[in-house]
Amino acid sequence: MSILEVNGITKAFGGVKALDDVSVTVEENTLLGIIGPNGSGKTTLVNTITGFVRPDTGSVLFKGRDVIGLPPYRITNMGIGRAFQMVKPFFHLPAFKNIIVPLASPRVRASSGGKYGDKDAVALDVLEEVGFERDSSVPYKTASVLPHGYLKRLELARLLALKSEIFILDELFSGLSIAEVTSIIPIIEKILLDGKTVVMVEHRLKELFRIADKVIVLNYGKKIKEGPPKEILEDEEVKKAYLGVEV
Amino acid sequence: MKENYRKERIARSIKARSDDIYALTSYREMWYLLFPRFIPIVGIAIVSYFLPLYWKKVAITTCIFAMLAVSWDFLSNCGLLSLGQALFFGIGSYTAGGLNHYLHLPIYVTIPVATVMGGFISTMILLPVVRLRGIYFAMVTLILPLMLMRLVEATKILGGTEGITGLSPFPNVWFEITLILAAMWASLFGLRRFIASDYGLIFVSMRDNDRATMASGINIYAFKAQALFIGSSICAFCGAFMTHSYQFTGMPVFAMEFSILPIAAAAIGGIGTLAGPLVGAMILVPLSEVLREFGTLRIVFYGLILVICVVALPEGIFHYASRKYNEMERWVKIE
Amino acid sequence: MLVYGLINSAVLALMALGFNLTFGISGVANFAYGAIYVVSGFLTWALINNLGLPYALSAVLTIVIIGVFGGLIYKFIIRRIRGLVISEVIATFGISIVILEFLRYIGFIGFKYSLPVFINGSVEILGTFVDIQRLFIIGFVIFLIAALYLFTHYTKVGLAFRGIAQEEHTSLSLGINPDRIAGWSMGMGSALGAFAALVILPLGTITVDSGYDVLISALSVCIVGGLGSTFGVIIASFIIGYAQTITATYVSAHWTMIVSLVAILIILAIRPSGLLGHQKELEERV
């Protein structure tokens, strides 16, 4: 069953068409990868789904409901969680206090029966899931001094705290070492095991193709190919547009 | 061989032992924490009560500007850069003055009502622009009080250019000082507690990255409106207080001074700490009183202080002092 | 009235162009703009009356001096705090206060401070008499806009301007020094302010308070037009200019400022980035 349906999205910035009639269907509890060269419209697509950019035409249906025109926080509260490519956490706050903010959202409060509860403990639980060692000082450190890898995990933790149904991860692996990526992949696999859906925008094809169920290739704002990772790897057009340069 | 030294900083604070939660184990530690809070509260109270009448008025003005500065800092902590504290101040002042003059309400009604209504009106005026960020918001807030001034001038409502005079005064100066001191400390410590609470964290998070706050499912516009209400209520209280203190309200309440001085105080004291701006106001306002004989030249001094402080001492006095208090510094030889 | 509306719009556009140039390119909101405007007026006045220089020479000198002055402000003050929005605002605002209040202190108040008009006299257009000076304003606005367009599209510095306006880091990698260009933009913005002062001030007297008024007018126009968009500024000055003239004619001159306020609030409520602002959209793409 499809949980998210993107139909015919077009968005132009000035004269440039960042997205040109793009349609995507995301099946529930699968991992969809979105790849494409730089400037192919991947982030704009994510921005459109999460309400940060309003498309010129097209619709985005989440569980059959159109979300176009809703403000980002409403969309987040419906269950579409989004991790940013540029990690900018709340730098002045300690890591675990960063998680208090999503815990105060209407979505989380509704699920916990309107009660706040001990948010600090919940925040620490969530951080532990993404690999912040609970007994160390890491969760208590101010976000501005955390290394890049932890900031990426913090983004994931925010979505976990929100109990999102779709995790949209915009270049989560960028800037991480292979060891760090290998340690994050189990977290994503666990999210899938919990019955959630994941959409990943990635440049790290090797790692992505290992875990993706389906991959979409964008180029110049157009969807040029869609299929399981194996097919994508062998496709001539994709190689020409993207892999030919990369591999 | 030349000997090299480097500066080493050692945290003196008991907080250094544990990052978040800490237990007090001795009177010495309690005193260590209480000292920087206790001394100013008692000190300022004593000083204000025993000053001659003229300087008592200066002390009151100082407290008013300190509150404006604290409120400014609170707003800037929430990502709302305001250049128009005069707007909130003026609305509070006119509300109190109007209620007192036209409806003949007594002082203990006008001040609370003006506080809440002033906050409400200011929030409603700024609601359309709450979506603006940073400098855009700042520009609008700079323009608004000046335009309201013109509005009063043009429509001749609320006393027009003459203003409203003969408002009811405070019963006595002791009452006046006690009230403003209580309000000042309440707003300072109240806001400090507030932004440290779970609910207040959301406000602070908006300054760091409002997009991430939005992506956390928080309606940032609702929260910014709340922040505006809190901040402008404090200013409106100041306006109402000043109105009764001088028994006058008029166009000068929208003057630039009420916008600039709080920012100057915050810039000197240290932005982002809430206590810093208060310290800044405690320095600036009495200083400007001393400089009064220079006439308009004293505003030039403000400007100079502003520029110098921002460029040369960007962290502000409070950050500096608290670092000195909480850390020991020493020079160590580099092996 | 049609004509006066046009002139009013041209005046507003002239005031706003310099502010807009600096902001659009370096992202620095120069709150000292109004002060620079007033200083230019007094400087020219002093050059003419105290040093006895001919008008044309003092005008050119003023523009150059003020341009350099703007650049120096950038070099010694703004550059140190670039990117810290609060500090930038406080510092430029502080500079503005220092200049204006100092001028007030040393006594530049009164009616004797006025600049000569270029050519005296008036002509009749569409049944109304218009000073030639006012016609000059319209001419100069058109000239300036054309010159700015040519400058930013066809000269090396101009292209660098547009470069850092779009992506500072990329232009850094292309061998453009953003600091220097931002300094240039600040200087040019100030020079434009001086230019505006020279053209507009002969219509009345030079007062210190007009510094604040000019800043407010420039800000309103830029906010409505969308910060950083030259075309937006032109459209916005027409909207506000005509709105003000119509109010002044049919209601009362006191209401003109309020009309601009209402215009700002309405436009911002509908389009937070201004009429033609693209700042926000650019940000979304990052």
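As written, the chain order gives the labels A, B and C, with residue 1 at the start of each chain.
The working rule: a residue touches a chain if its C-beta (ideal position, glycine included) is under 8 Å from a C-beta of that chain, and two chains touch if they have at least 3 such contacts.
As the structure is a computational prediction, the values presented were derived from the model and not from experiment.
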{"item": "Chain whose mean Cα position lies farthest from subunit C", "value": "A"}
{"item": "Pair of chains ranked first by number of touching C-beta pairs", "value": "B-C"}
{"item": "Gap in Å, rounded to a whole number, between the CA centres of subunit C and subunit A", "value": "44"}
{"item": "Distance between chain centroids, defined by C-alpha means - subunit B, subunit C (Å)", "value": "32"}
{"item": "Whole-Å separation of chain centres (CA-atom averages), subunit A against subunit B", "value": "40"}
{"item": "Set of subunit C residues in contact with two or more other chains", "value": "none"}
{"item": "Junction residues of subunit A - those touching two or more other chains", "value": "52"}
{"item": "Of subunit B, residues touching subunit A in the complex", "value": "19-20, 198-199, 201-202, 204-205, 207-209, 211-220, 272"}
{"item": "Complex contact set, residues of subunit A against subunit B", "value": "50, 52, 71-74, 76-77, 81-82, 84, 88-94, 97-98, 100-102, 104-108, 116, 119, 137, 140-141, 158, 162"}
{"item": "Residues of subunit C defined as touching subunit B within the complex", "value": "29, 31, 77, 80-81, 84-91, 93-99, 101-102, 104-105, 212, 216, 219-220, 222-223, 227, 252, 254-255, 257-258, 260-261, 264-266, 268-269, 272"}
{"item": "Subunit B - residues contacting subunit C, complex", "value": "76, 81, 83, 128-129, 131-132, 134-136, 138-140, 142-144, 146-147, 150-151, 153-155, 256, 260, 263-264, 267, 271, 295-297, 299-300, 302-307, 310-311, 314"}
